[in-house]
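Heads up, there are several structures right after this.
Note that chain A is present in both complexes that follow, paired respectively with chain B and with chain C.
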Partner chain A sequence: MPGAGRARPRLIYKEALVHLLVQSIGFGVAAGAVLALGAVGFTLQFGISNVLNISYGSLMSVGAFLGLFMLGLGLNIWLVMVIGGLAVGACSVVLNRGLITPLVRKGMAPFGLVIVTVSAGIVLEYVIVAVAGPATQTYGNRSGATLNFLGWTLTTAQVVIFAITVVLMLGLHLLLTRTQLGRAMRATSANRTLARSCGIATSRISDIAWFMSGTFCGMAGIALAITIESFDFTLGSIFLIPMIAAAVLGGVGQPYGAMIGGMVVGIVSSVSSAYWDPAYQSVVAFGIIIVMLLVRPRGLFGSATATRKLLA
Partner chain B sequence: MANLAYIVVIAAGAYTYGILTLGPDTGNGGFQQYVLGYRLPFFVAVIAAAVAGAVVGVLIGVTGLKRIRQDYQAMVMLVISIMAATVIGAAPSFLGGEPGLSLIPNPFANLSPATGDWAYVAMVAFACVVGYLVMRRFTSGPMGRALRAMRDDEHAAAAMGFSIVKMRLLTQAVGGAFGGVSGALLVAFIGGWSPGAWAYVETLALLTAVIVGGMGNDFGVSLGTFVIAVLLLQGVQFLPQIRSHTGLTEAIGWMTLGILTIAFLWLRPQGVFRERRPRYGQPAVGNAGGGEVAEGHG
Partner chain C sequence: MRKALVLPLVGVMAVVAGCGSTASTGKAIKPGPINIGVIAPFSGPAAEFGTLISAPCYAASDLINQAGGILGHKVQCTPVDDTGDPADAVPNVTRAIATISNFDLAVGLETNTAATTVPLVNRAQINMVTTNGLTNYDTTTDKYFWRLTPADDANGAAMVQYAYNRGYKRIAVVFENNSTDTGNTPGIEKAAAKLGVKLVTNTTIPADASSYSSVASTVISLHPQAIIFDADPQSTATFLSNYSQLTGGKLPPMITATDSLTPDWYNAVSAAVGTGFIFNKVDLVGSYFSTSTQAFYTYRNALLANPKTHALADTLATVGPPASIYDGINIMALAMLMAKSADPTVYNAYVNDVVTPKAGAVVVDTFAAGKKALSEGKKIQYVGVLGPVTFNKYHNFAGAFAAARFTGSTTSVNAAIMPGSEISKLLG
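Here is the complex of A and B:
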């Protein structure tokens, strides 16, 4: 039968396409977990201290290189992730206390603060170069055994990172909704002046936010270094764009928005790179940022407070 | 406010100059793409670069029209500059991709190298003087007053009947044209251009120049550029090279740049030279800039 001969390869082609789609969604979820981790840290700190911290990407690179150093000492990779996260959290608090808060007190305009954090980020990046050199580094193969489920082929490392992200997000959710500290954080984010006049120590809340943000940042940096084969000191500043896209998509300052935004950006860019040139992967993130800012600057899940904060 | 995507405009000028002067593919090893294959004369290509810069400047300016927070807008600009480099780098068939364009002809190629270099220096110096004079007319005339008003208080300026959108885009176009010419002059001298040459850290170098020199003071900015570009970025090459640390001198240069920016913003935000505010409606006394005060009588 002449017809059957033609139909068969087309079916295979279709199956391959579906398989490609399923597989790329799996990769997207894995990448989205790292993105969500980073984006939540970025957005949490912005929501509470109201400062856009562009040096966040460089702090991420610092985390990755700290991880490299600790791996050299022979520590377990997941222990490295925790210690590295906490260390970057400490760096983040130092950055806030030593640089950002004094400048905010001096009444520096938000735009000036962006330039300061950009400069701080570049200084941090080149501190890494001065200490560890500009060469490309690698953690070695840390992916572990390959796992198959739901038609996805993922590495153990990707699954563990996904699990860590889920646990951290749940923890953050419980912290924000069930504890006194979380309520204080949400109050500070919504209206700093009012929160202070209600007796909340807003500068301490701010410190805590910077610490948590830095911890997420460091952990995301190390998670990223585990999942990609090689990296150099620009690791974080390149990754900053999809992270900003995730944060902007969900509404800057909205932790839940950033979680969903991270997943969406991860999946969309993974799927698009499966069907399109992978070199343009970050273009998707870029497009999301520009469209969101021009059409709906407060993000998909932004509240009226967020709108008031963002519109000049 | 400063345009953090300005390096994109310079890059646009450089690429325009490059593709308009490279000439047709001579089969030179076949390692690069020749997009247009024109071999236009130097000045035509520079003018084209200015136009390209202006167009790209306006396109970038459009994204800044939405009334969002300053820092948010700054972030968008940074993203634009990083993305532009990424996109160009990812497409080898358009502007040479990551390796970029090379063998861009020098207008003085037929002179001896030493004479040619000095001729180039003279031409760039001439271009700087022309640029300074054009900028002076732009900032000291009626247009300059309107722009200053817009910067200081947009609502008040709009109430006086100025179209804020039109003026913003015009500023972007003029700034873009300057950037385009500077890109063209740069690329005609160094002969090659690639995304690595306009990474976003280069924007910081420009910004440091403006901040150190003093925002809103043409002379200060020119001096700042000289100090930053010449002394800092080139000067570090003369530091003793430490063998075990590759890239250390470059790192020191960038770290100094970053620290300098922060230090100036913290301790002396007005820069070395503060903006001289033109005094309107006062008699021309003292040594205030002639053009500005003369306007006061009108």
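Here is the complex of A and C:
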């Protein structure tokens, strides 16, 4: 009997550790859903246009601030997410048509384009500051009720964002695999010159890709603003690197890979911060990415072509 | 031969006579105002801090100018944007040092950028009144460094002392992973060990993560009675929101630093977890000063009188770092009068004299009173908003500490006072 008395605390400790693991995975899935949403948009645009768009983070911030403006008009938060996403999609097309495409036509090298997108991102951030100021903003508490299931503790907002992400991913999957537009996008992604010679209007496909990418980006920005409760103009820039990491992990230019990559980054960060110093959660996530890429340089679902594009 | 010997002797005697009197030496003041460089972030995410740090400079300079200025010159506050980033601060501060005329005093130089800005200003031989809390400046030998705010480790010890006084014996410590916030940690650990307070966790979190649920879950599982927490507004709001979601809305008492008394912090946290938590469960620990002295009323009225600072008056008036800048500027200005020079290489030697008690000295609580007394040939001791100041040999001064409660979106009232000697013992 005395022995049983000593064993009980150890059992409780083990149960607590398992409970923490299960909970952390749940938190990671919720965080990963937002990352996946952003990463899919990022990789979709890169896959089609071959431009590493660093201003993507700033476009996310634009989405979050557009959301703030629309909430001020009294619109429903989920409607705001859709409209904000579409508006950022339009901004993204303007960025492509007004800045990127002319520079590509003039023969600018990929590295030069990266610098242009970095510059565009900085300009966008300070446009936000000029309009809305540098102060921290908030949508207010939009989390909704707390839900407990499968040992996970999530808010209604997190569940809805996860559901939206899943629906969008499913829709994207159907678009890419079951429609003529999707086939044209995949063809353009695989070989732009060949696609054009086959009669595909690649510049229109590129516009559509930038629009869809921007829409995902804007929605991710608003989802992030809902999740973290308060934000400023640096919102998107902070999350850009984890999103790019998720896209690279999944395989550059591979939407499905970006989904999985987002989830992996989210879950690994969450679980590591539960068991180790939370300050190093990003270190753990990126360390695992490095190891995985050493083993499989193309990423989980990547093709050699896309990897070469990134390195070009 | 005799003539050749006499002339140098006359010269030496003239120099000695000059030293004996209060005649000025050092570089002359150029035409125009004496500039006080406010080195703080005026752009980027921390831009709000620049506004807060500028306000006491405007209050002090307004009063100095109303009293006729310093040595016939007006003073003005000149913002120097350190951007909140130590690397970006270097070119901006270097340019300011090179281009601003009569740049004879610098204030601000906050923790995030102090590692690069303090050496630059010290090398330029410009006196500074810094609000940085870095503990490595506790024993600095930088000649032009002056600090009237406690180092972060002392603030950390005060946080634990306050928790102990409230009866909390199990505390969770969570700080954002930066030099400003983690600077509290050594003091917290020392104080907890001396007071027998158990730190159930002592961890850091990255800034601006999308979720802190795992950290919150870990903290909750350790059942702390209170949490000592400091992070930027965005991270604080996210953490508390995550915590609240996991506990069905229950949040523990939170002890944080007075730097959380900002509109940004209040707006972010109130939106995440409500104002009830802020008013009832948050204690702000920082340096203490009395709000019932004539010096305080003069300071507050000056803040209210200037349109640039009017709206912030009630927020700033009760917070230590801005008050330390106000007092610091007055002390430096009076030192310039005593030295009859605005050249920092000259007036720096008079700074201690301004605040040191001495027989027959007139105690003054404003620049105007000090100027009047000095013009009448009297000795002075400046006792301002912070009360009597005694700099140690490292040019540091840390007085008492207080825990304050929010009374409005940006206002607070002191709830408890802790003597500086009590906190020093914890760190000893």
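Worth a mention:
Note that the second predicted complex is superposed on the first by the 291 of 312 C-alpha atoms of A that agree within 3 Å, B and C clash if a C-alpha of one lies under 4 Å from a C-alpha of the other, contacts with A are read in each partner's own complex, and residues count from 1 in each chain.
Everything that follows uses one rule, which is that a residue touches a chain if its C-beta (ideal position, glycine included) is under 8 Å from a C-beta of that chain, and two chains touch if they have at least 3 such contacts.
All figures in this text were calculated on a predicted structure; none of them were measured in a lab.
Overlap between chain B and chain C is detected when the two structures are superposed via chain A. By the touch criterion defined above, A:Gln23 reaches chain C but does not reach chain B. Of the two partner chains placed by superposition, chain B and chain C are both touched by A:Pro134. Judged by the touch definition given at the top, the superposed model places A:Val284 against neither chain B nor chain C.
Of the two partner chains placed by superposition, only chain C is touched by A:Ser143; chain B is not.
In the superposition on chain A, contact is made by A:Met108 with chain B only, not with chain C. When both complexes are overlaid on chain A, the residue A:Met169 reaches neither chain B nor chain C. Shared contact residues of chain A with chain B and chain C: 129, 134-135, 238, 277, 279, 282. Against chain A, in their complex, chain B makes its touches with residues 1-2, 4, 63, 66-76, 78-80, 82-83, 86-87, 90-91, 200-201, 204, 207-208, 211, 245-248, 250-252, 254-255, 257-259, 261-262, 265-266, 269.
Residues 43-45, 47-48, 177, 203-206, 208-215, 217-218, 221, 233-234, 237-238, 241-242, 245-246, 248, 263-264, 267-268, 271-274 of chain C are the ones touching chain A in the complex. Listing the residues of chain A that touch chain B in their complex gives 51-52, 54, 99, 102-103, 106, 108-116, 118-120, 122-123, 125-127, 129-130, 133-135, 237-238, 241, 244, 252, 277, 279-280, 282-283, 286, 289-290, 293-294, 297, 309-312. By the touch criterion stated above, chain A contacts chain C in their complex at residues 16, 20, 23-24, 27-28, 30-31, 34-35, 129, 134-136, 138-141, 143, 146, 153, 155, 224, 227-235, 238-239, 266, 269-271, 273-274, 277-279, 281-282.
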